[in-house]
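Each of the two complexes below includes subunit A, the first together with subunit B, the second together with subunit C.
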Partner chain A sequence: MSSNTQNTEAALTVPVDDVLRYELLESNGPKNAPTGDPVMSVRDLNVSFNTEAGTVHAVRGVNFDLWGGRTLGIVGESGSGKSVTALSLIGLLDDNAHVKGSIKLRGTELIGLTDEEMSQYRGANISMIFQDPLSALTPMFSIGDQLAEALKIHDPEMSKADVRARCIELLELVGIPEAEDRLDSYPHEFSGGMRQRVVIAIAIANNPDIIIADEPTTALDVTIQAQILDLLKVAQKETGAAVVLITHDLGVVAGIADDIMVMYAGRAVERASVDTLFARPGQPYTMGLFAAVPKPHMPSNTRLVPIKGNPPSLAAIPPGCPFSPRCPIAGPECFKTEPHLEALDPAEGHLVSCLKMQQIRDQHLTYKEVYPDLEPLTPKWAEVPRDERPVVLELKDVTKVFEVQSKGLIRRTKGIVTAMDKVSFQIHEGETLALVGESGSGKSTTLMEIMDLAVPKEGTITVLGKDTRDLKSARERRELRRDLQVIFQDPMSSLDPRMPIYDVLAEPLRAQHWDKNKINRRIGELMGLVGINPDYVDRFPSQFSGGQRQRIAIARSLATNPKLLLLDEPIASLDVSIQAGIINLLEDLQTQLKISYLFVAHDLAVIRHISDTVAVMHLGKIVEYGETEEVFNNPQDPYTKALLSAIPIPDPPVERTRLRLVYKDGELVPANEVHV
Partner chain B sequence: MTDKSQNPDLQDPGKLTQETVDHAQRLHEAETGADANWDTMARDDASRDESIEPATVIDGTPVGEGPAGRRPTNAELELESQRLEHTEVKRISYAGLIARRFFRQKSAVAGLTILAVLALLAIFGPMISPYDYTDPDFAALSVAPSAEHWFGTDSGGLDLFACVVHGLGRSLVIGISYALITTVLAAIIGTAIAYARGIWEKIGMWCLDMLLVIPSFLLVAMIVRATSGGTGWLMLIFGLSAFGWIGYARTLRTMALSLRERDYVKAAKYMGVSPFTIIVRHLIPNLGSILIIDTVLGVISGINSETAYSFLGLGIKVPDTSLGYILSQGSSAMLTAPWVVLIPSIVLIVLCVSMQLIGDGLRDAFDPYSRAAGNVEEEAEDATPGPEKLAEHDI
Partner chain C sequence: MARFLTYVAKRVINYAVMIFVATSLTFFLASAFMSPRSNYESRTPRPPQESIEQSLTANNLNDKTPIMERYTTWLKGIVTEFDWGNSPTGTSVNSEISQRIGASVKLMLLSTVLSIVIGVGLGVYTAQRQYQWQDRLWGGVAALFLTVPTVVLAILIVFFAIEINSASGMRIFYVTGLSSYTGDNVLLAFLDFLQHILLPTIVLTIISAVGYHVNQRTYLLDEMHADYVRTARAKGLTKKQAIRKHALRASLIPTSVNVAFSIAGIFTGAVMTEKIFAIHGLGEYFINCINNNDIYGSVAVAAFSGVCTLVGALLADLFAAALDPRIKMS
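Entry: the complex of A and B
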């Protein structure tokens, strides 16, 4: 090993510092250790912003190198500084950002360049793939024009025919069928996944040295995500570029990254080859991330391990290790000195920033030792068999169609869209049914029909034994509403920003005409139940973190003691370390209060963990319905099989080698046989 | 550096406010006008020091013991971590924050000062003036400004200072009342139409469009003409307001369209909260910043309308007076007694400019992306020695 290192170092023309020395040892991945000169070197990168709250230190002293053909995964939660790091590489930060340190592209310093000078490198040497393909393309121009613009801006001499030929070549490369005809299409004629392909085509148009992908698949469905990740690998192979993949999803990096850097509070807290990091995480925060993620490929018989608390505000980073307030093994020294990256395993270049590193190394600590165990999952309602428990919600052959009307004075019905096609399922007391499907599958429509207590044209909706058809007065409806509550996806928008928490929680109670003292008592109770300090009632939603806000939203929905909760992607917008806490809370509440959940989600790992039964929806139909473990272990419908094979698994060797299936016109095709 | 003197909170390193830097969130909130994320908490160094103490206790006890010796539930874990985090949180109220951002802008402060001076003049002017605006001094017809008549007199011998301060008061009252009435009407009707959906929304919009077609100028003129000189200004407020809110209600409806899709509005609906309560409790407060700015700017349009009507002889009439009326009287004597036109014009312009400055300042104060947030270089100089070195790395 050491002689090997000597050789590589000899081949380098750049000075080797500590950062580079350890990076050259990162060999425990699919591509072994990096060789040759790095394309880009980032040293001591610091970015700060001035805000109303004071100076926000978004990135603090980050170092890394990028090699052509290798992928660096930057993992972190929102506010960890990962996106700011990426944007500073390409010089796209806000005007009020203050950047210090050094970013060298093949020896050329990029920090300090003006916007104009920087734009020579953008697209040509460094390109970017953004999170949301819907807003990354201009709706006013055809995709052919947008591709051509990317080419011509860096090579104005290119002839029209050359540009056209190259555009077609690029579109074919990213897997857009009938590329020649699609050149004149506009972005709105493409689906989200197709648009992301176009964005990737633009990014690789000029054979860049570096491709920065900032959460490229977060806005996409899981089957599309798998295709886009495959495509990223193709793009990397074609261009030989270094890829920086920014994500919060450990499953996504497992399959594609070679090296991983974990960021927390603006700093890198751990860095290693992908296999090393997943096998032996050495920093309590990284360990926590692994413990907090439900595993999609294993049945869940233990509880998730949440990381308590919230990430610090970057405007007021506490002294000492920023993770110390949340760290279960933090000692007094952790609150005083901030650690730096040091070698946990010098032979593998595994770097960890933790004052307790010695202890972790010597005692071989894993997350099982570091994080406190929670109460084991209590079997739900073991005493009564499922069939004997009352049914709280039943849908029978519910069909919902939307009529598409033509424009003009006389609105003729042009056609119909079937959003729900004979949907049937039932939920028993204290049970969780997960409704899974990709966007457009009709799962949200189903949820809204139930929430509206709608009377369907065909079929019946029965809530707590009452058919919605038999609800006559507004009073009856209001009384039923008390037992039926909803939790929305985004706690940012489900709490009125102008109302203090007290009023937020009091609203449902006031609507049911409770008296003041009773409301007071109930609010105290609720806040304890979901783990929010009852003294915080006078604060506004903006003063809480995302996870806390979702807890408040849950408290609000519990206020009237409902029997059935409809959860619309309740954890999709939360950070990984927060998700586990919310999932556990929902489980606790179910055992404490005997509530039933209808859980709408697209994250199959979470669903496997939390639900008892699963209904898979596809194009308005329920294609598979059964016990969760049964569906996951032995899926019957081809669509379910494709869906399950697309989930990224947070285990690099497994993720790299497994066979992925693609659902195509009712049949299953192995992914490698599809054109991309 | 100058900013800092106006902003004591930034000078004190112990009083840091907290804010999340999450870009997506900021964008989200900026788009929707929910400027909530500066509404943040401040914490003391003292409280942070305290947080070290309990942590050492944690280190001592076996991790993961719940209160009763059993393993903790998730809610208990969270409560424990909140106790650790910080004991006391001081809040800058939203209004306080806006005020701070407002007063950080020099032009806005200038506007507010001018308005205050003008308002004082309108209130106390009549008391210090030796003449009344209805009493002509026949010994001094069309005299230039002098020690006797501070602003001069007009051709009828009326003291211009007395007339201007009275007219200024009249214009201000009309402008402010107009702005308040139209804002309230537009807010309630606009959001109600947006919230109604379906057939009621269509009917509401149709009514608004019909009202817009009515020749309001003529109607207002007729209403005011029918009244006597003493109460004419009340009818003018009524007439202007009755037709002034319509276009504005249309704008507010459009803004409320996005608010009505918010989850908190849906959540309230599913809780069984009544539509009127939802409008008053959720929709209108979340349009607050727009309403405030438009009220201020509405004052200008109120004053301008009043001036125009009076100038044409359709608004304020004798014995009452207003800036517009004085201007119409003086326009005939432009060459012989220019001060009769110039002085009220200047007062009118100064008044409108001051309102405009205030409106601008408010808009910047409410806008999370404006320069009212201060300047990053000034901050950074504090943090690191050597501004020269910084300049070189500055993008």
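Entry: the complex of A and C
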């Protein structure tokens, strides 16, 4: 141990244990190593819930410290225990949670406090920002009232004028224009991004020591996400608080976190400074996350590496390392004993929980060695070049307006909203076109028009060479619809829970009057195609995991041998490690079956990976349309430039230094010159 | 404010049209199915044909007069003199109804207020103790009263009241009517009223309180787990404060709609309970009208309930708008 660290330790008034000793060495980030006493120390945190499925061990022995001004990123998938950890810090777990261990706020133990006692600290010392800004504010109260409540609850003596002044100050701080007038507005009069700003204003109202942000940008569009992340930095600077940022998105933590803790099955499996973790991930699961995520800032030439299998159920965690069933380098010992966090690189405080750590360290293993099947992407246009292939779908100057009607007996048209403004694009056989845009851009309307085989007022929609205007009978439509299938975002709600998989898959075939033998044969084929054991046909959707359900949804859409698949955010509801498998499946199916995809998504990294051409939509118009690599490398339209500059990049030095542009009234302005 | 008044005015005009159409339809239906003539013909001794015709014509009930003519006469009476017509026996529907409304209001007002207070209170109490013994106990009680028919419940309560009366040797509870005291002492008259009103009030309160309890519990449970309650707690409110200040208000929006409709119910009475306790209210009157081929009585009661229901609907809208800023009056 160097003399330097001993000096840092000497400056502390709290006893230094192993956890703290390693954390004090985490210096490979933008803010160097932490100094001084931590504001909060979490030791051996265990949270379990009694449920009908048995005891769920959501958090198992988590340790960390938080320092004012520093940001700890907690990364993990659903069920990793990251949100439960966050909620236990602020004491907002459900009543049936059993919390053990120690959470100390400046030396005061918080575990075991009653709701009344804990409420003294909530909002004043520890505050929280939630995932969904649309539901986080009480719809019946004005913004001003909700802000004022946060102040008054901790300082009932505060005068009305002071409260008002502070509320205005807070709203201005979080970048709400005309703050004074907006105090009387209600949440529904604000957009999602604006509401998240209000939630942040509430969180920083009492200058807390700790701000917990639980997936604060997951529900937001990418440009809004960038603004909110910037604002979070402002809030931290303003309050000097320690920030805990919980996310599943590696890009988000890259730019904002100082230290990172990766969680899996209720445990921390890796912990390091941000730059160390991104440069040299040391745990197979962390490596897998990097391999599974497409990179938004570089062209993809290899397939993604899915982590096989699914995260374990927290009610029945298998013996040994919980990641062992999915780990490509797991040995027999991994299935027997569960590893603990140990130093991979003692000098940097880089901790890893893996029994194969010795091997990883000695052989300098990276994800390329651990996940060796990084196959190159198959060249798609080898046989027939794209321009020589038939056009499967063509939209030409399609315009769609919605009339806004007044209420009353006689409904007059008050105005029109142009949802699609001269939208044109075409998709060739075997091609993937990505439709990109933020909420309200008109991409869903476009999808609906195609799905309905609608006859637009202006322009034409041509599906497989047939103009929708020429479709005369319902039969012709039905036949065309067979070649046009759709896959929705949420496989949970798009499959009928009361239908066994057999019926789910047979339904479209019966609609086409197939006979029973043919149907049985086809279902076997389909199950094989999407990689699900054909013996499972009599199971119900609820017996499958999210990724498997999406595979079933894909199988259902493929049943009638369609030529064109419309994919509406097909992977948005899936975990990162599962997404890669679905993306690979879609790519395989395209090569095998020469299907065309119209891919609607908001994740630009995924789009760069999977699509051949991109159409960027903004306010109902296609503002940019071209080859994916061309658009990403050399965007022409200012809106596209702003959109691309807002994508968080999972590479800390790049993410911290890149220039973000903001699209404002048709012009591009660097983000740091815009008032947030 | 001006926009709000135009909104209310528009609604009222809309409702007036609806009530006119509904009432007219009721008139034609009642005229087609009811035969006041048979009231006279079945009398013993049967009155002479001439006097039957005369009485029927005098009350605008003669089926030999063309129906449109009867309709216009009836309508003219309402529009010019607010006269809703006569029963086959010649008594005025107006005076019958005005006598009975008082009895119905006395009966319903107290029980409506009580059932709202008790029902909503129990709903809030049990929602905060979901799946604890208090919740299960009151849930069981609610299930019991939901399944027991009104008539059975009323008769059971009457039975117990009589038992108590005979056990104590005094008439503590009266089981019929609304008053029997004839003196001048105000206090004694009031006591007498209480003795009469108590039993029907208990019956009516139980019946409607159960509904409020079950609904309020569900509404509050939905809101208690809403994200914004968690935000309120994260600000530093205790769980109880967060529920009281944030969740409760939201959960009262659907309840207020139910309350608004029940206010309308105060004036139309309770059919079963009035019949069992021999209270001469509007509910009983409606049944009597139908039994006695009283066309105009039935139509008037139907029209009156229609007005009450639509007033309730308007009130429900106003309540919801007052509680929820997302609802705009335009």
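Simple rule for what comes next: the second predicted complex is superposed on the first by the 672 of 676 C-alpha atoms of A that agree within 3 Å, B and C clash if a C-alpha of one lies under 4 Å from a C-alpha of the other, contacts with A are read in each partner's own complex, and residues count from 1 in each chain.
Here, contacts are C-beta pairs under 8 Å (C-beta built on N, C-alpha and C of every residue); 3 or more make two chains touch, one makes a residue touch a chain.
Quick caveat: nothing in here was measured; it's all calculated off a predicted structure.
J.: Of the two partner chains, subunit B (first) and subunit C (second), which one does A:Gly36 touch, if any: first, second, both, or neither?
T.: It touches nothing on subunit B or subunit C.
J.: Answer with first, second, both or neither: which of subunit B and subunit C does A:Ile329 touch in the superposed model?
T.: A:Ile329: touches subunit B, not subunit C.
J.: Please indicate which partner A:Thr138 is in contact with in the superposed arrangement: first for subunit B, second for subunit C, both, or neither.
T.: second
J.: Give one of first, second, both or neither to describe whether A:Gly465 is in contact with subunit B, with subunit C, with both, or with none.
T.: neither
J.: State whether A:Pro346 touches subunit B only (first), subunit C only (second), both chains, or neither.
T.: Neither: A:Pro346 stays clear of subunit B and subunit C.
J.: Should A:Gly107 be classified as contacting the first partner (subunit B), the second (subunit C), both, or neither?
T.: Neither: A:Gly107 stays clear of subunit B and subunit C.
J.: On the A-aligned overlay, A:Ala150 touches which partner chain: subunit B = first, subunit C = second, or both, or neither?
T.: Second partner only, subunit C.
J.: Looking only at contacts as defined up top, I'd like to know whether subunit B or subunit C touches more of subunit A.
T.: Answer, by number of touched residues of subunit A: B.
J.: Thinking of the overlay built on chain A, is A:Gln120 touched by subunit B (first), by subunit C (second), by both, or by neither?
T.: In the superposition, A:Gln120 contacts subunit C only.
J.: Once the complexes are superposed, what residues of subunit A are shared between the subunit B interface and the subunit C interface?
T.: After superposing on chain A, subunit A residues 115 contact both subunit B and subunit C.
J.: State the interface residues of subunit A toward subunit C in the complex, per the touch definition above.
T.: For subunit A paired with subunit C, touching residues are 90, 92, 115-116, 119-124, 127-128, 130, 132, 135-142, 149-150, 153-154, 186, 188, 199, 202-203, 205-206, 407-409.
J.: Considering only the defined contacts, which subunit C positions touch subunit A in the complex?
T.: Residue list for subunit C touching subunit A: 10, 14, 226-228, 230-241, 245-246, 249-250, 323-326, 330.
J.: Quick check on the complex: what are the subunit B residues that touch subunit A?
T.: 10, 16-25, 28-29, 32, 34, 36-41, 43, 48, 51-52, 55-56, 58-59, 63-64, 70-85, 89, 91, 94, 97, 101, 262-264, 266-268, 270-274, 281-282, 285-286, 288, 373-377, 379-380, 383, 390, 392-395
J.: State the interface residues of subunit A toward subunit B in the complex, per the touch definition above.
T.: 48-56, 58, 78-79, 83-84, 91, 93, 96-101, 111-113, 115, 306, 308-310, 313-316, 318-319, 324-326, 328-332, 335-336, 371-375, 451, 477-478, 481-482, 484-486, 488-490, 492-499, 507-508, 510-512, 528-533, 536, 538-543, 545, 551, 553, 556-557, 560, 581, 584-585, 588
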